[in-house]
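In what comes next, subunit A is part of two complexes: it sits with subunit B in the first one and with subunit C in the second one.
Right after this comes the complex of A and B.
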């Protein structure tokens, strides 16, 4: 009996050994390299930094977490949460008509085309997408040009004059940051929403209108509730990805920090690993709650 | 009564959404031919193809492409092996802690990339591991594995285990069964998962900023240009190149997996 045959026979007789052999490499990789790194890093949040020497003090403390509530740090958390919420709501509004159209009216070849039209921007390079918006939002870019051609420069100026969300140009304002976030994460909202809408039986809509429901009532009481799990599933992506991103606000936006940027600069130039770890705990905790609520509302069945 | 055609307003909203998704990418193609070097002026004052030649001559860009291809290649091979093992174990067997392990397998994609990156960076720091190609590969394999896992798991769920038993009953050993029965069943899922993993790694920037040190992959090169634009026309051409390199595997993966499943794009 050949060696390979005896090995495979042994494994066939002992399925548990086989299972261990299959599971060991990926588990070691993710369990040790990934989860191990993550736990060690996050545990640093319970340490603090010595204000004089700048070294990490290895004594357990909650002082670093308390620092998150200092005004300048808490600002960052609130700003990120507001941005993530705004981006999620805007994505729902833009994604829904497209998803509804693709789910209800597109057939055959058109359906495949719509799918590809969403997949291409979803999978195309993240940096290229951000770069495209740098071209668009620049002061000398296409939006300013369009506004000039349409004699709407005053409207653009008025928009930019709005305190907080405005700025000297679109590429240096929260408005610009917001637009890029919506653009980059929109496909993540479209796909699950469309999937949920496709499962809404046409007979339900017919029944609603047969029973005297106006289109608006049918939408509010039949279509929207049935699509909601899909929308929530999509919002998990838009919300979580906005919360953790640190590249977009760095390239398009004013100089105020979002969560990801705070973490990046704290672990890099500032060298404050404990506070960086504490900041990292924030999106993880927020997403934990978010996922728990989403699960309760049936979003996971819609994925 | 439900009208058969779509309402005009809905049509317009859907088309506007398509335009919103695609016009920005098309603009980059236009900008690659602009004669303007110092700003993002629209409309471009003139058109030229000279930037393609300039990029061709640039050694730093070739080096960045070389490193990106190398990293993506190694990470894809590792991800294929690890992801397939994981998918085979999770799909075939029921064992204690299976649900927790399957959660662990999607965690690197569920948590923001910055969390993965910073955790690895701090471990490299603690263990005094110097930055190298392998530190980048380590980070990339972690999330590429998840893509392969998702694709292959979906395929395993649709194929029946009885084929494997039949093969063994007929006297094939485990390796023959793998080669002649299992592999043909999952081949297209492997190919699709592998191509998506490659595209994902080739394009990855967030984890890479933490694990690359001074090395420059193509996305890192682009990121530096984005933060401090110095060579705008060259960046435009590189952007087109990146679009081309990622689009081809995506379209190919779509055609390989479209028979009744959507996992190819489920979560990035």
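Right after this comes the complex of A and C.
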């Protein structure tokens, strides 16, 4: 019996060995290269930086996590959290009518056109889009020009005069950051919502109106609950992507830091790896809770 | 755990002593080129005509010496230090914050200036600069330097502003309107030094001697100044091209800037018609940067490296690079007769202001000018986040 023959016989008799050989390389990659390096980094959050010398003290402590609750650091967390929530809610409101139209009314060519329109922004570079938005929102940009032509400058000024979210121009305000976030992540909300709406049987809607339900009641008690898993799935994208992004707030907004920027600036020359790691733990924990809630609401039932 | 740490430390100490012994011997003579030289450089620092045919200081060198130049660009000083630690490179164009770290970490070797015929043409003020000379030993050849200038809109300022106060303190600008929302500042912890520099002149009672060496009290005063400035600044800048856009489209009329942006804006006729920009170094002086070409301790191509260091300070290279980058040559002879830089170029880029410039350094706890010790850089980083967030 040849060698290869005996190998294949052995593997046939022990199907588990075969599975191990097949899965070992990808698992090693995921386990060692990816999770390994990530956990080494995250573990630094349990160390602290020596106040005097600025070197990392390799003694286990929770002091670095306590640092997160210093007002200036806590601000960064709250700011990111509020922005991610606002972006997600706005995406739901904008995405739902789009998705509903595509799922219920668009057919054939129109459906193809819908997909192309939703996907088109994803074909160009993210950076190009963000820089384009910087020009659109600028003080001398298209929006303020249009407001001037329509004699609506007062409305724009009133909008920008709102404390906290306003600023000298749209591109230098949280409002602008918010608009660009919604624009960039919207397709990730439309597509899962549409997929969920496709699965709502027409017969359910008919049954609801046969039983005397008004359109509003049908929406509230039939369509929305059935579409909810899709919306939640979409919100996982918009929420987590906003929480981790560090490019958009760097280009659009008033220079206040978001989580990703804080991590970026603390590593490097600053050498404060423990605090950078502690900041990294924050979105992981938040997303953990978020996913647990999403699971309870059935977002993963269709997987 | 503890014993392991001690073993590692002991090993590190031994290996670094080996490096020290090696490091203290500079090369005695330059032989024939090895055929190539590998350089870590800032983007735009070593041009071979690929971006613009007129800017090429590599092709000629390769022809003359048969040393092929391989460039690895780096975006930050940290990246440069990391690449040099990794090894495989002969030279690096290190800035003031990286250079001392490279020397302290024994990653670079002393340079025998006798083997660089043009050494004596280097600006005398740079020849013994503390960011590449330690205990009288030279660890590199100066390459270029530049200042963080105050850029301003000449429609608003008919005369150049005399003080950084226009970006630090609320006031009405010469056009009668407040500076609120119309000034910018640099988005980085090192900008705290700019605030300290302003306080050095504004509040001498604080006793700031060096903007990179601040004791607790001085540091707090600098942060307070920056917190007040936060109300004036709409957005902080960190990307040169974004700042150019803000000057053109966001109504910014004064900001700390680099000659690079100012030169680009002045070359843009449309922008100059609408928002004419000029720059000045105010009475308080300015912060700035100075870069040095340094040689790796285990450079595989030492002969080509020495040939490049000699080439790098030839007037032609220095002048072309200064024109390209908006920087100032380390060799004063480069300022005359360079077609790309023109005879006014050195003055435009800040040559006469050398004495007013405080060159960039990493703040450390142990410092010379403050006996009580200084606030180290990692705290600059966390506190700048707070300032930007309005705390």
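One rule holds for everything that comes next: the second predicted complex is superposed on the first by the 276 of 303 C-alpha atoms of A that agree within 3 Å, B and C clash if a C-alpha of one lies under 4 Å from a C-alpha of the other, contacts with A are read in each partner's own complex, and residues count from 1 in each chain.
Note that in this section contacts are C-beta pairs under 8 Å (C-beta built on N, C-alpha and C of every residue); 3 or more make two chains touch, one makes a residue touch a chain.
Everything numeric here is computed off the predicted structure, so don't read it as measured data.
For the overlay on subunit A, clash or fit between subunit B and subunit C?
Subunit B and subunit C clash in the superposed model.
Report for A:101: first if it touches subunit B alone, second if subunit C alone, otherwise both or neither.
In the superposed model, A:101 contacts subunit B only, not subunit C.
Who does A:251 touch here: subunit B (first), subunit C (second), both, or neither?
After superposing on A, A:251 lies in contact with both subunit B and subunit C.
Among the partners subunit B and subunit C, which is in contact with a greater number of residues of subunit A?
With both complexes superposed on chain A, more residues of subunit A are touched by B.
Applying the document's definition of touch, where does A:272 land relative to subunit B and subunit C: first, second, both, or neither?
Touch status of A:272: second partner only.
For A:138, is the partner it touches subunit B (first), subunit C (second), both, or none of the two (neither)?
Both partners, subunit B and subunit C.
Which partner does A:187 contact after superposing on A: first (subunit B), second (subunit C), both, neither?
first
With the two structures fitted on A, what stretch of subunit B runs into subunit C, 97-105, 223-231 or 259-267?
None of the options clash except 223-231.
Please identify the positions on subunit A that touch both subunit B and subunit C, taking each partner from its own complex.
134-135, 138, 140-141, 250-251
Sort out for me which residues of subunit B touch subunit A in the complex.
The touching residues are 1-2, 5-6, 10-11, 13-14, 17-18, 20-22, 24-25, 27-28, 31, 39-43, 81-83, 85-86, 88-89, 92-93, 95, 101, 104-105, 107-108, 110-116, 118-123, 126, 138, 141-142, 145, 149, 168, 173-175, 177, 196, 199, 203, 205-206, 209, 219, 222-223, 226-227, 229, 235, 239, 242-243, 246-247, 250-251, 254, 258, 262, 265-268.
Report the residues of subunit A in contact with subunit B in the complex, numbered from low to high.
Touching subunit B from subunit A are residues 4-5, 7-9, 11-12, 15, 19, 22-23, 25-27, 29-31, 33-38, 40-42, 44, 94-95, 97-98, 100-102, 104-105, 112, 115-136, 138, 140-142, 144-145, 183, 186-188, 190-191, 195, 202, 205-206, 209, 237, 240-241, 243-247, 250-251, 260, 263-264, 267, 273, 276, 280, 283-284, 287, 303.
Given the complex with subunit C, which residues does subunit A contribute to the contact?
That would be residues 49, 52-54, 58, 71-73, 75-76, 79, 134-135, 138-141, 167-169, 171-172, 250-251, 253-257, 262, 265-266, 268-272, 275 of subunit A.
Considering the complex alone, what residue numbers of subunit C touch subunit A?
5, 76-78, 97, 181-182, 187, 189, 233-236, 238-239, 242, 245, 248-251, 362, 364-365, 373, 376-386, 388-391
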